[in-house]
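Here subunit A shows up in two complexes: once beside subunit B, once beside subunit C.
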Partner chain A sequence: MRNKTNYITTILLMLGSVFILFPVFITVINAFKTPAETAQSILALPSVWTFDNFKTAIEMTNFFNAFANSAYVTFFTVIFTILSNSLVAYAIARNLHRKAFKFLYFYLVSAMFVPFPIIMLPIVKQMSAIGLMNLNGLIILYVVYGLAFNTFLYTGYVKTIPKELEEAAIVDGCSKWGVFWRIIFPILSPMNATVGILTALWAWNDFLLPLVILSDQGDRTLPLVQYVFQSQFATNYNLAFASYLMALLPMLVVYLFLQRRIISGVTQGAIKS
Partner chain B sequence: MMDKKNTRVYLMMVLPALVLFFSFHTFPLLQGIFYSFTDYRGYGDWNFIGIDNYINVFRDPRILNSYQFTFKFAIVSTVLVNIISLTVALGLNSKVKFHKTLRGIYFMPNILSILIVGFVFKFIFSVFIPEIGQSFGIEGIAKSILGNRDYAWIAIVIVGVWQAAALNVILYLSGLATIPEDLYEASGLDGASKWQQFRHVTFPLIAPFFTINMVLAMKNFLMVFDHVVALTGGGPGRSTQSISLLIYQDGFTGGQFALQSANAVVYFFVIVTISIIQIRFLQKREVQL
Partner chain C sequence: MATNNKQTEATEHKKHNPTLAALLSIIPGLGQMYNKRFIKGSIIFILFTAFLITMFDFLSTGVTGLMTLGVEERIDDSRVFLSEGILSLIFIAFFITFYVVNILDARNDARKLQRGWKVPGMVEGFRNAWDTGFPYLLVGPGLILLIFVVLFPLLFMGFLAFTNYSLYNAPPRALLEWVGFKNFIDIFTVPALRGTFINVLSWTLIWTFLATTLSIALAMFLSILVNDPRLKFKRLIRTVFILPWAVPGFVTIIIFTALFNDNFGAINADIIQPLFGTSIPWLTNASWTKVALIMIQVWLGFPFVFALFTGVLQGISSDWYEAADMDGATRWQKFTQITFPHLMFATGPLLITQYTFNFNNFNIIYLFNGGGPPVRGQSAGGTDILISWIYNLTFTNSQYSLAAAISIILGIFVATFAFFQFRRSSSFKEEGQY
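Our next item is the complex of A and B:
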């Protein structure tokens, strides 16, 4: 019985997916319409597919600048997070039998329970005092705040790597650093992918941290730009949708190609917690 | 000799990270706790005032209001997300057509910026749905739900569920994948109905996933910020002002740095306590099932 295709469930799931896709559908078709067309019917397809809204939105929000900012922050956050967090977790995992390292492990991991608002007010004062209210400051915060969860993820994984592998390399004259970069780091690849995906999603979509940290107009990331221009969009929905679509599109495209990897990466991350 | 050298190397691996973590996480955290015992406004002079701020946290109508909204939102959303995601996951786990595509669609909300999606939903709630209401003469939806003090929170629940279900569906799916097929065959032979199968075979086996999902969803919903900013900005009035949003708004621009720091400390304890209670309670149930 279970081998037959379940058509009723298939149809129900397809109906459900309409609800999921609906906001994206509305965004896409209205991004190409004129205000008059939207006023006539929100759901109708545009009579002429025009890119005028996109042109105006690009100029108005300085889209390419915001895109570059988001890309810059996401790229360097992911690189530095993978390189540094894996190293820290490796050192901790290999010394968990020692009190100091065990303490360090719990110190970092327990930060997962600290909600950001408790740090928010002081960190803004602090970042402004040391002149880091910019994209680089943002990258530092993402890399540092990621440590809590990533240490947890990586440590669990490092423990499964047999120590004999390292000992053999050391006999061959490899230093501890060499052992990590040449032997451990490549073995960590699946975990690096998971951490990279989770970090990229976080840094790319995050709104609160850029909102409080970035002080310069030219530094605004994509979500922040949509927020700042909200009041100016209010009079022209089509312009707003064009802008939203451009902001959502990069991630949608990445998702289209890396769907399987992203789903498994996020699942791995969530289950381990 | 060798061991000492190794220890030095290990220490060098963790020390920079430790210093950075302390400076950018622990230090501001301690500062927040410190200022919660003062009358600091975010600038200028300050004095120690003991636990006055903590007493005021429990008296301030705005703060109590934000807790009321946040909990109402978090509890309703958590329950809905889990019911919906488990249902969808059970569907996806059965023999359906286009399985991969459907799974991809259901997971999509997880990768999108909730702020931007929230803006799209704002249009749906404030323009699209009222228009349908007006043209079909359905009075109940002819006005924007976002402008309604009593119901605006429901709109935030809808967006919250729309997004959070994505992750939970996938987690339940990976839970369901761990159940061996022959268990169903055995219970099928025993004449168990579909519901009995779910109640006595499926659910007990995915109970750990149920725990993860409940705790994860609840914790995330208690921190709700982007959804509210996008949809209502906390309004109408302060009816949808979440705890995070209140700390942000009044802490930065309301001159309440100290009071909101105290609020944040309380909020921290609330989140930790709820997570622990949930884990304890749900794990106990897992054993009994």
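Our next item is the complex of A and C:
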């Protein structure tokens, strides 16, 4: 009974997978077709696989520049987020018995519920006032906005680390600063990975924040440059789909390779054991 | 002689008065000096005086500016007055906090002295200060940054809700004025506005409930099915199910916009048209747009929950099910008694964040159909939710004060919801108990 394959469920789920893959399928095949072919049938496979769409899309969106911008923002956001947010969460988690820190914890976590569009107007004005309407300003905002959710994740994890470890290290003459970097930070690595992955996905895919913060054309990130097609939709799907495909490919590759890491990271990080 | 000495010391301790120390600290630093901590006292005194001397002008003009919002038209910019006023308030709040801390500190030290505690030497004093201050030092920069990117903008919008900032009354051309609760009263009394507000609010609530609940239900159903040990291609199926999560949401949404296009989208042209001989006005009829939005959000939202549930299901010990089998439990009973409670307990707070996420899901509404189709006579489109309506009011219609007032209403919604749910969910209670 146990080892018998449940064919009905398997087939049902396979059908479900087809449903999930449908939009992805449409995007992929149409990226390789000419508009004339798409007009005939959007579902049919291309008769000739052409890469012209990709070439044109790369030129139209200045793809490599946008890619470099996205990579720059994502890389530094992840690095700074992990280094700073873990430190903040550690300080809070170890002092939650003090009133001031409990207040801080709730202050940080409640920032999670502030919808960004509400504070967008003042933020834009502020950033332009201090001249940070660029990629670096974007990085700063990501690191600070991530603080709320990441503190929530890290604090839960820090609490599971026994205090004796730190006490022993202090007895051995380690400074508080040293205790964190040499002992706690390495223990946090599963959580660092989770936070890193979630932050990377967020920073790479985000659309709204770059839209309002970046003022210079040359600074535009990958999601932003896709927006040029929004106005020209009716005329050329194929070009748009080719461009979207290139924009989402890097994360898709990362996902396929790190799949297990991502899933276990998310479940580990998010679920209280 | 020695005993005598000790006794005088002891009486001296008894005489040391915490209340006096606290009272003396009304002038910052004096209480600490009374506690014989002269260096600490003078540092505190110098810091406080320096702050007052340098900041007093800024603070007083800031606060008066906040009250008047500018006097001379075309010269005073009310927005600048508002910002500086808020900054002053933040500084004053900090000042008061430190002031109170200074008094409490003097009293605590005095109490300790009363119990016979010895004032530490300079080096040790600094080391103690470093030890207690270290965590604050780590948290400080983040806290300050958060004040500037979250608290300050929030306060700014909060104050704006009580002014008359709109397209026709905009600085620097005109001066803003405080209008009290007028904007809020307008929302509930001006008929056109009230109608729009009720429409948008009810759709926001329906949207949040349906889109989130359906994706959670679908995720639960699928994760339980996939967890069946008798299943083939398990890993492949899981990979596919989580795939939509890896694709940037905003790209997926524009792809869906293309697919749902009334005239040449694949869904009408290749599925509905051949099968039923008619086409569905996905983007021009508000009800159909709503249906499409919910379907897309379920597609986008279920993979994350699916991943979570899969993780939990794999962690449930099989002992539970074996025991249930022995008691002759049915499949349904096993689900309601074992699986469901496990899933809910482990993921409760995260599921709540899914609801708040959809409540504020600006991206999908804005990118799919721009909140449209437009509705005659109201500033919100047929599928606008509160957050996208606020965005439109601010960035397209320049109704800043109105938008700010609606933001506050929205904020109250989110805050109460989050508060009650977090209190109810048991796993969060446990968090708070440290």
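Going forward, the second predicted complex is superposed on the first by the 258 of 273 C-alpha atoms of A that agree within 3 Å, B and C clash if a C-alpha of one lies under 4 Å from a C-alpha of the other, contacts with A are read in each partner's own complex, and residues count from 1 in each chain.
We adopt the following convention: contacts are C-beta pairs under 8 Å (C-beta built on N, C-alpha and C of every residue); 3 or more make two chains touch, one makes a residue touch a chain.
Please read all numbers here as calculations on a predicted model, not as lab measurements.
With the two structures aligned on subunit A, subunit B clashes with subunit C.
In the overlay built on the shared chain, the residue A:A247 is in contact with subunit B and with subunit C. In the superposed model, A:Y145 makes contact with both subunit B and subunit C. Look at A:L96: by the touch rule set out above, it reaches subunit C but stays clear of subunit B. Once the two complexes are overlaid on the shared chain, A:G156 sits against subunit C while remaining clear of subunit B. Touch criterion met: A:I118 reaches subunit B and subunit C at once.
Residues 2-7, 9-10, 12-14, 16-17, 20-21, 23-24, 26-27, 42, 84-85, 87-88, 90-92, 94-95, 101, 104, 108, 111, 113-123, 125-126, 140-141, 144-145, 147, 176, 201, 204-205, 207-208, 223, 226, 230, 237, 240-241, 244, 247-248, 251-252, 254-255, 259, 263, 266-267, 270-271, 273 of subunit A lie in contact with subunit B in one complex and with subunit C in the other.
Contact residues of subunit B toward subunit A in the complex are 6, 9-11, 13-14, 16-18, 20-21, 24-29, 31-33, 35, 42, 88, 91-92, 94-98, 102-117, 119-121, 123-124, 127-128, 131, 162, 167, 170-171, 174, 181, 184, 188, 212, 216, 222-223, 225-226, 229-230, 243-244, 247-248, 251-252, 257, 260-261, 264-265, 267-268, 271-272, 275. The residues of subunit A lying in touch with subunit C in their complex are 2-7, 9-10, 12-14, 16-17, 20-21, 23-24, 26-27, 39, 41-43, 84-85, 87-88, 90-92, 94-97, 100-101, 104, 107-108, 110-123, 125-126, 140-141, 144-145, 147, 155-156, 159, 176, 201, 204-205, 207-208, 223, 226, 229-230, 233-234, 237, 240-241, 244, 247-248, 251-252, 254-256, 259, 263-264, 266-268, 270-273. Residue ranges of subunit A in contact with subunit B, taken from their complex: 1-7, 9-10, 12-14, 16-17, 19-24, 26-27, 42, 84-85, 87-88, 90-92, 94-95, 101, 104, 108, 111, 113-126, 140-141, 143-145, 147-148, 175-177, 180, 201, 204-205, 207-208, 212, 222-223, 226-227, 230, 237, 240-241, 244, 247-248, 251-252, 254-255, 259, 262-263, 266-267, 270-271, 273.
Against subunit A, in their complex, subunit C makes its touches with residues 79, 131, 134-136, 138-139, 141-143, 145-146, 148-150, 152-154, 156-157, 222, 225-226, 228-233, 236-237, 239-244, 246-252, 254-259, 261, 264, 266, 269-270, 299, 304, 307-308, 310-312, 315, 346-347, 350, 353, 356, 360, 362-363, 367, 387-388, 390-391, 394-395, 400, 407, 410-411, 414-415, 418, 427, 430-431, 434.
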